[in-house]
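First the structure, then my questions, so here it is.
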Amino acid sequence: MTERVTLDQLNAMDRAGFVAAIGDVFEYADWVADAAFAGRPFASVTALHSAMIEAVNAAPSDKQLAFIRDHPELGSKVAQTGHLTDESKAEQGSLGLDRLSGEEFRRFETLNAAYREKFGFPFVICVRRHTRDSVLNQFSRRLRNTADNERATALHEISLITQLRLVSKVAGPGAPKTDGRLSTHVLDNVLGKPAVGVKISFFEIGKSAIGLLAEVITNHDGRTDAPLLSGAPLRIGTYELRFHAASYFKARGIAVADPPYLDEVPIRFSIAEPEGHYHVPLLITPWSYSTYRGS
Amino acid sequence: MTERVTLDQLNAMDRAGFVAAIGDVFEYADWVADAAFAGRPFASVTALHSAMIEAVNAAPSDKQLAFIRDHPELGSKVAQTGHLTDESKAEQGSLGLDRLSGEEFRRFETLNAAYREKFGFPFVICVRRHTRDSVLNQFSRRLRNTADNERATALHEISLITQLRLVSKVAGPGAPKTDGRLSTHVLDNVLGKPAVGVKISFFEIGKSAIGLLAEVITNHDGRTDAPLLSGAPLRIGTYELRFHAASYFKARGIAVADPPYLDEVPIRFSIAEPEGHYHVPLLITPWSYSTYRGS
Amino acid sequence: MTERVTLDQLNAMDRAGFVAAIGDVFEYADWVADAAFAGRPFASVTALHSAMIEAVNAAPSDKQLAFIRDHPELGSKVAQTGHLTDESKAEQGSLGLDRLSGEEFRRFETLNAAYREKFGFPFVICVRRHTRDSVLNQFSRRLRNTADNERATALHEISLITQLRLVSKVAGPGAPKTDGRLSTHVLDNVLGKPAVGVKISFFEIGKSAIGLLAEVITNHDGRTDAPLLSGAPLRIGTYELRFHAASYFKARGIAVADPPYLDEVPIRFSIAEPEGHYHVPLLITPWSYSTYRGS
Amino acid sequence: MTERVTLDQLNAMDRAGFVAAIGDVFEYADWVADAAFAGRPFASVTALHSAMIEAVNAAPSDKQLAFIRDHPELGSKVAQTGHLTDESKAEQGSLGLDRLSGEEFRRFETLNAAYREKFGFPFVICVRRHTRDSVLNQFSRRLRNTADNERATALHEISLITQLRLVSKVAGPGAPKTDGRLSTHVLDNVLGKPAVGVKISFFEIGKSAIGLLAEVITNHDGRTDAPLLSGAPLRIGTYELRFHAASYFKARGIAVADPPYLDEVPIRFSIAEPEGHYHVPLLITPWSYSTYRGS
């Protein structure tokens, strides 16, 4: 992350400096920052973002529409023609939407075309809150919306996108909550103690493929030293934690069957709230286990 | 199953009839039945089998060895040369050992060669108690045995093989227990009732592949109308039950997240005792579940 | 239980015999059996009971009222004056309502008086479906009913009372389900096996006192040889199963703390459906346990 | 707690001041502090305590014995004769040993007499680590010890007693861990969220009586604002947390039976390690629950 400007500094800037500093938070729409400028000083980052969103809401309908239209298509060739802002490029890149296979590229093209045909503007979504599977689900669902609903939805997604951008540019009090957290905890119900040294493989489970995100080992408290995910929105999607139970029990001298009744224990779950805290514990013996959404 | 002879009928037969009836229980070794004939009448099928095993144990060492050597190699070309008994053909076919790919065939050839080189007889295993993964595990392990241990192991496997064959040929009291059972049960902990109408996909989980064995739906008691496996030995190996939880809860009007926190719940477990009862229940809510080896 | 008449025998009786056989099922109301006589032959015990209930429902309002009034008061001195039928005496005695302490007797007298003052007939309840606590709860609640609701409730309770009496007098097909069942099961999640030899103390938990109903030991399957309750309606009320976990684990050589973290594990639950099946299992290790309403 | 002296201050004192400051940590044995004085400066409170214990261990056997003999008897009339130090009075008072009933007093007298008869010194125990039940258990057990074992045990208990006293008198780095912690957490497995607003009654469960220690309500995270016990050693003994589950579910609009299957859920457990952390969570639905020793 490049160094951020502080809210105090922003509040002290003149109009030109203010717009230069945060104008590109809204894609090709310096006028949003320009309109928000009147609201200084801002007591919190959230108040600043609200003022910018109000400027969008106060704009005439055709200006709003033009503004939405200036967003890039997902996974499109736009990137190659140079019309993608750096922010958009980074956001889409995080999902690999700039490296689609031929077939995937065609699927996005078909959806993009259908969407633009129905609504007259590109499909806008805050990709940093989604896995690729989730983006495709949203695409299919939103194609069934009415035009009015979909325009409101696009503006809501823009609010989510710009909140993330603003937080990455401006340091200050009262920042909106934009990050989620995924954590786990393993309890050994034979010994009545945290299970220490359990290997956990952490996967994203996509429709067509499984990707290993991390391999971690539980510490002295049966937890991982750092959360499995944190510091950013969680991506809506399906995941699996695979706990290497049998090798843990063998290492502790606790008898298991041959082959062990439970070896790698998969816990598969989906994340629906990118800003939520997902705690996914495992209570285990060689012959039983429980899991639940904890806190 | 072809019609079985009764133990009473066997007990009443003359030597020739007796040997004709059950001589092929032991591979190319009519002499086993012939020796056991003296022990008539048999009070139970188990007693008959024990008498046959005693005949093997009482045989001179070189006769035993010749007898072990007359067993076919696993996955070998022997089948094509006609030296495989019908029983062996059926048993090996049940694991697909008669339809190996080129690579798998070579793996078996290598193991068979190493084994014969070390021990001087073919690798004998009661394949009906194993998955293919388990056969390969056993192969690797037993290659590390001493010659004495391995000869005893081979005779023990022959005892298991012939027990199954005898039970399929002779009806009568006191049959040895040769079948296992796998069952499940789904309880809905939100409603405090059996979970009715839950779809369950049942897989064998191999090293390199996953095979769907069955799809079933829970009945009014949260169970399946018939056990998932029964009437035969269970195969040592790894399995997965995948419970379609979210669609169950939606059908019952119980709120789930979007996407559901738990959708398809995988319970992965291994079977180690082919003649055991494995009861694998699931206690579930939209946010938690437990499983354990039940009874 | 005295020997029952069969439904076939009843169907073949003349009016006098029929009324003599089952007339006292309805308290001081031979006319109910007399009216039902016309409906012969009855295909099931349930059909017979329905015909008797219809006779009550078809009676003029003042006759119904007189019929309700002829029921004894709960815990009243009526018993001592001789106006209690044998059936009522046995039913009330099962709850100890014939052996009330002075204070309890006064509580019942106060409730009886308030009830009779408000509704003009005695409080009728099928005591065999209730603990004493539950009877008192019902008494307080029903005192708040409207007169119409309460008259319907009294007739419904009479239907429940007479169903039980009829089933105890008449043997035949299609008997209504009048009995419930309480069972348990203990699984040892350290060993992955049924917990054999676990002592269980079974209590009724009343407002003011705790009564030990039974002490049992789990068998080879972790269950009790017979259900904890069966063959009669369960009594609505609160119960506790106390599982002697620590002594079980010690006997199995499984380490526990000193004193054991879990020693006597109490599972407290209430029964709301007298004709239901309550399965109350325990899954346990020295450091954890689960219970749930099973099936 | 009165103001504590700091370790730095202690290290800077002369002999007289040093002994005046911490001499009474060891009952009627200023000489212990006096002997430890030579070890200054102490880098940690633990090092100071170790030096004092070494002084005891280095003392001649008869001086040790005299020192042990100077400890008061538990629950004795000594208090009334004035020979009890303030520390002993406070410690015994915390268990109510100064307010014993006649029968309890006689029980302690009998045990005290038998103990003194066998060992020649009074029964010494760190009462702040025990409930009254646990003290009595220890009394009975230790009466069966050999004289040598029991003298070592008495010295070990004196070490525990004086550690607590020293920590309450001296502030400084490296204090020995003398406090334990008991906490809980309630998760609602229907909603997949912390259970907020659950009333919990917390009891000590004695052999003959049940004492309510606290009533608390879970906060927004399903926990209690403060641990149930902390800041002191936990007392070895048996406890019960009673979770008022049905009223919680009713308040959340979640259906329960009438009467509720689970109403007040008792979790009974024993504490064996006074300096340990006992986390006793509850995972609950209206029809099921789990608990385990957490961390």
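Residue numbering begins at 1 within each chain, and the chains themselves are lettered A, B, C and D in the order written.
FYI, a contact is a pair of C-beta atoms (placed from the backbone, for glycine too) under 8 Å apart; a residue touches a chain by one contact, two chains touch by 3 or more.
What you are looking at is a predicted structure, and each value in this text was computed from that prediction instead of being measured.
Counting C-beta pairs in contact, the pair that comes out ahead of the other among A-B and B-D is A-B. Seen from the Cα centre of chain D, the chain whose own Cα centre is farthest off is B.
Chain B and chain C touch with mostly matching residues; of the residue numbers seen at this interface, over half occur in both copies. Chain B and chain D have Cα centroids lying 57 Å from one another. Rounded to whole angstrom units, the spacing between the C-alpha centres of chain A and chain B is 47. In chain D, 187, 189, 192, 257, 261, 283, 287-288, 290, 292-293 are the positions where the chain touches two or more neighbouring chains simultaneously. Shown here, the protein chains touch in all possible pairs.
Partner chain B is touched in their complex by these residues of chain A: 134, 137, 236-238, 257-266, 268-270, 272-273, 287-293. Within the complex, the chain C residues that touch chain A are 189-192, 257, 261, 283, 285-288, 290.
Residue ranges on chain A touching chain D, taken from their complex, read 185, 187, 189, 192-194, 221-222, 283, 290, 292-295.
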